[in-house]
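Just below sit the structures, each encoded as structure tokens.
What follows is a pair of complexes built around chain A, which joins chain B in one and chain C in the other.
Now for the complex of A and B:
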């Protein structure tokens, strides 16, 4: 058993770097991060101010990495972090932060609070203070492949069924395919039709693709629980599969944190630069659209809006791509307030969807999204993250709002011209 | 100077018409930031046959302030109003000398007790009074004697207002400002080396018109003239905002009239009206003539580093001391940084990876 307070503090010390020191030094205590955080705006509880969630990390940095902090510590003017501190903060760090990144965007001095909460979770996990739901998911992802236990056998069945339904064969483990496509377990379970949609789109674009039987899972529980060991193992799996199948690139599916883990954190987690391209499916589809490879006919005439997934729009920069694709299929597109980089989180990011004890809070913080939707009254809500989609459906049902939630990839496939041009 | 001729005939004899006088009064009113309707009241007060007396004392000074007021080329309205009409005692300007002059002062003080204005230029030597005496009497003595029955004191020029050049380091005479010596009377500071003429007459006119002093700032300066920095009112400000600077006195920027900040202009920290009122009858002011502002109306301007050092460059500390301080700072910073990196490395070596077994939830 390696989890202990000492190990957690060592993990935190390892996380402290120049950006952390600069961020804590430059905080002007303005409180704008609180106003940007859905947990604060929906509860009015100042405990949920993002910068306060970072207090353990700040205390450790101040006490051990600053001159005056070290003098103060030697004189007994500050307390070291204790088990009780970590236990108290576990709830703040895991249950009341979706890593949505809105606070980082709001910070007037440019402090990336979200990245620091991600760092703080490293220490929490190493000290044994991670929520049970996330731990169980991590065990499933490490022992099997999927964090929710979707095994290779189930995946093969689903792929076969969807290939049959759309009439286009989908070959798993096909060496030399152009793209290795990863899928989120939520898609396998709740939205398997996306496999058929992908088959149509890849065919239309004249690109070949495959799914790896040992690395089909896109999600990365490691970046959610906050363990670079777990996260690195999961990224390495996909990189290895890409090498084994000699693909040109890896596609991440409609999943926010999977994109964050594979596209941005990945090389740091495995300690090596990628030699294959990693691209989000929305980015790839927009590339094909620009090249004239995707032709659609007809549009959805109902009033549609788009929910920007935090990790894909705000933290991933794929907001214009999604708008351009929406324009291909939506005749009556309407933007909600704060759409784009300032969009509000669905409430299920950052591991909250797997953290069962946070369910009530998750529904409470759906407030801003609910108000956004009530203001424009759409007839359909499109998004590009299956986790958002799942959480949105759950919350809409909870609040008795009758609004279908759709995936952008499936929408596009629906209006795609059957005959490739 | 005991007889006081009526103002208008006097002006007339110098070729200044009533119209000119009215225009001057209107300008003065505007300069003091008073309502336009006040202009006739200003004119009326100046025209009055009998006005409160003005006594001008000169201590450790260079007569530059008087020169500014009288401007050698032609007699100005400012000079005529002040010297010909109200001034009962002025070392430089009075015709009388010796006991006659001192008698005029004492007489004016007695006749206008509690109502006269005392104008002072120059600082007072406290370290060794012998540096500046009049008929064997120290400046301090004369000041206290004259101010005792005054209504208010106006400290003219940077020496009187802040100590000025005589007080510059190492201050051999122990020079101090007038304000630091007068505690029981209102003191107006009109700093500048020299101050702008209209600033002097405007304060006097204000006092004559309303019987009180204009609104002052925290350094005792009239807000109407010292409310803004030269920089904020400078016609070259647009170049500063665009980042266009003259780098030397003969480069293209200097010829094009760009901002003089990098040549040491103290405009951004200097509160005065030069950029708006200007000098020599509104002809120009230093920056317009291509030279940076020296900041002559600010306290201790003589000791504030080189006139040609940009405000953004630190000064004051000895060069070696500053260099050593920077080196020490870098040394401490690097050492602290190395220690932090070591601590981080130790932590990385010490940390046990999170394993599958660790994550298993025990029932």
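Now for the complex of A and C:
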């Protein structure tokens, strides 16, 4: 056995727990998870069945973690996992899964397939079988801060420019601020206006905030590629900055995976409970709305719909919050079919947006989203994830669909009464 | 071996052996599953994992919206099969009497005519599901030899039970012996095949619900 395969198998063994055993023990091979998966519905390729993507993990569990499997292995009735198996599965585990979570909702016996694919990636990465795009992004995030190489100098310039544009100062590394706000690189690059929008919203709510020069990045490539070490290092960076700046809480921005990584996986990755609150920006804004701190005037009168980011709605449960905020700014809101928990993925989650070799497939699996939109013909598409927003814009352009994609935070800021109430 | 001797064997040592394998196998598989435990979750919960876990055990009996239209045969066939099988196994008078004899538990059953109808429907659903399995590329890819074994082992007690109740073909004693032996085969295979899902599904649903419930997410 090669060293890398040994590392991969060791990492996989670490991931096997009682839920994994319950899930594999319960699968009846009904194939319904495939019907929920955009990669199967759009291609008809049975290899994209979610449970099929998990075959290496299932084999390891069966051979090593069940008595009957061990007896079978001793009798030579099953094959051990090989490098060739992992190499073959790499595309299934990374290129054809956005970790969207639809399959996990669909399985009649209750298997959380998405959680298991996330676990399987730990073994794949440890064995060296991860897409180049993700590996490079991980190296950039570890050696710098941003997975796409947005440096501190650029961040400072963007922050200054947006502060000047909105007329509200934004102070970086401000000690004692209420909130440490993290930003995703896609926002810095493609949607920097969100910084000005945040400045307006925090001012209106009477809260102070800051951005850390050594921990501005919200996204966590470690969670996407499947490396607890990388993921834990990136989470620790933010926790350290929160301590250094003595903030009361940390805000995750409009990014689905960043929310899952920092809010839910984070404490387990660093092995300690947080001593500050971590909250998604949509949740925080809704809290302020409920407290009467956000007042808006006027509404957008065009026909708007909302794209539920998988990690924020289905796997985050924050879709009521998003809709309450939408109601503040949208006069003509329309839901698409399957909106909410059953929404269809944009096609770019789970690291797919950084996995360039999967671009064609990503555009193919935009099919359900496209059909959802064609059915209700909106004039604007609002979402609360900058990665979704970027992918949606790219796919809409590819399919010649003329539809602006808007960020919920920016929309809210646009209709905000700016004086603190 | 005479049919009386066969029946006596099936009722006595045969059944004891099958029940022992079943109980040992199921206990072993549940214990080795729970033995793997879960790591403690250090994140601050937004909702109750335990409550949602229990809710999901029940709520997953309902089909997923949108998927019924994509796979109507599997959904309708699966529902008919599971409900029918439940009625035949647990609501048939002689079965209840047998369970009462072993455990002392008792509950009302359905008339024999209804059980007969349920048996026919259950067998029909099994055949339809088998055809659907062989036609669909995903199910073809996922299906193993053990699945076919489990299918056959489930069909045999239904078939022999139907023949027994309707006094068709072989003499009563022989048929009863064959029926009992088919049940024993099912019990012996249970822990080694997908039949095991009839026990572990509750754990799987609970875990999925609990994982999502802590986050206030959907399951």
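Odds and ends about this structure:
The rule we apply is simple: the second predicted complex is superposed on the first by the 418 of 421 C-alpha atoms of A that agree within 3 Å, B and C clash if a C-alpha of one lies under 4 Å from a C-alpha of the other, contacts with A are read in each partner's own complex, and residues count from 1 in each chain.
In this section, a residue touches a chain if its C-beta (ideal position, glycine included) is under 8 Å from a C-beta of that chain, and two chains touch if they have at least 3 such contacts.
Bear in mind that the values here come from a model prediction, so they are computed numbers and not experimental data.
When both complexes are superposed on chain A, chain B and chain C clash.
Of the two partner chains placed by superposition, A:71 touches none, neither chain B nor chain C. Chain A has more of its residues touched by C than by the other of chain B and chain C. Of the two partner chains, neither chain B nor chain C is touched by A:164. In the superposition on chain A, A:341 makes contact with chain C only, not with chain B.
In the superposition on chain A, A:290 makes contact with neither chain B nor chain C. By the touch criterion defined above, A:375 reaches neither chain B nor chain C.
After overlaying the two complexes on the shared chain, residue contacts for A:3 are found with chain B alone; chain C is out of touch. When the two complexes are overlaid on their common chain A, residue A:16 makes contact with chain B and with chain C alike. Look at A:327: by the touch rule set out above, it reaches neither chain B nor chain C. Looking at chain A, you'll find residues 16-17, 21, 65, 67 touch chain B in one structure and chain C in the other. Within the complex, the chain C residues that touch chain A are 28-29, 32-39, 41-44, 46-47, 56-57, 60, 63-67, 70-71, 74, 78, 136-144, 147, 191-192, 194, 196-197, 200-201, 203-209, 211-212, 214-219.
Those residues of chain B that touch chain A in the complex are listed here as 332, 336, 340, 343-344, 346-348, 350-361.
Those residues of chain A that touch chain C in the shared complex are 16-23, 25-32, 34-36, 40-41, 44, 46-47, 49, 51-52, 65-68, 104-112, 115, 263-268, 271-274, 277, 313-318, 338, 341-342. Interface residues of chain A, counted against chain B in their complex, comprise 1-3, 6-7, 9-14, 16-17, 21, 64-65, 67, 125-126, 128, 130, 132, 135-136, 138-139, 142-143, 227, 229-230.
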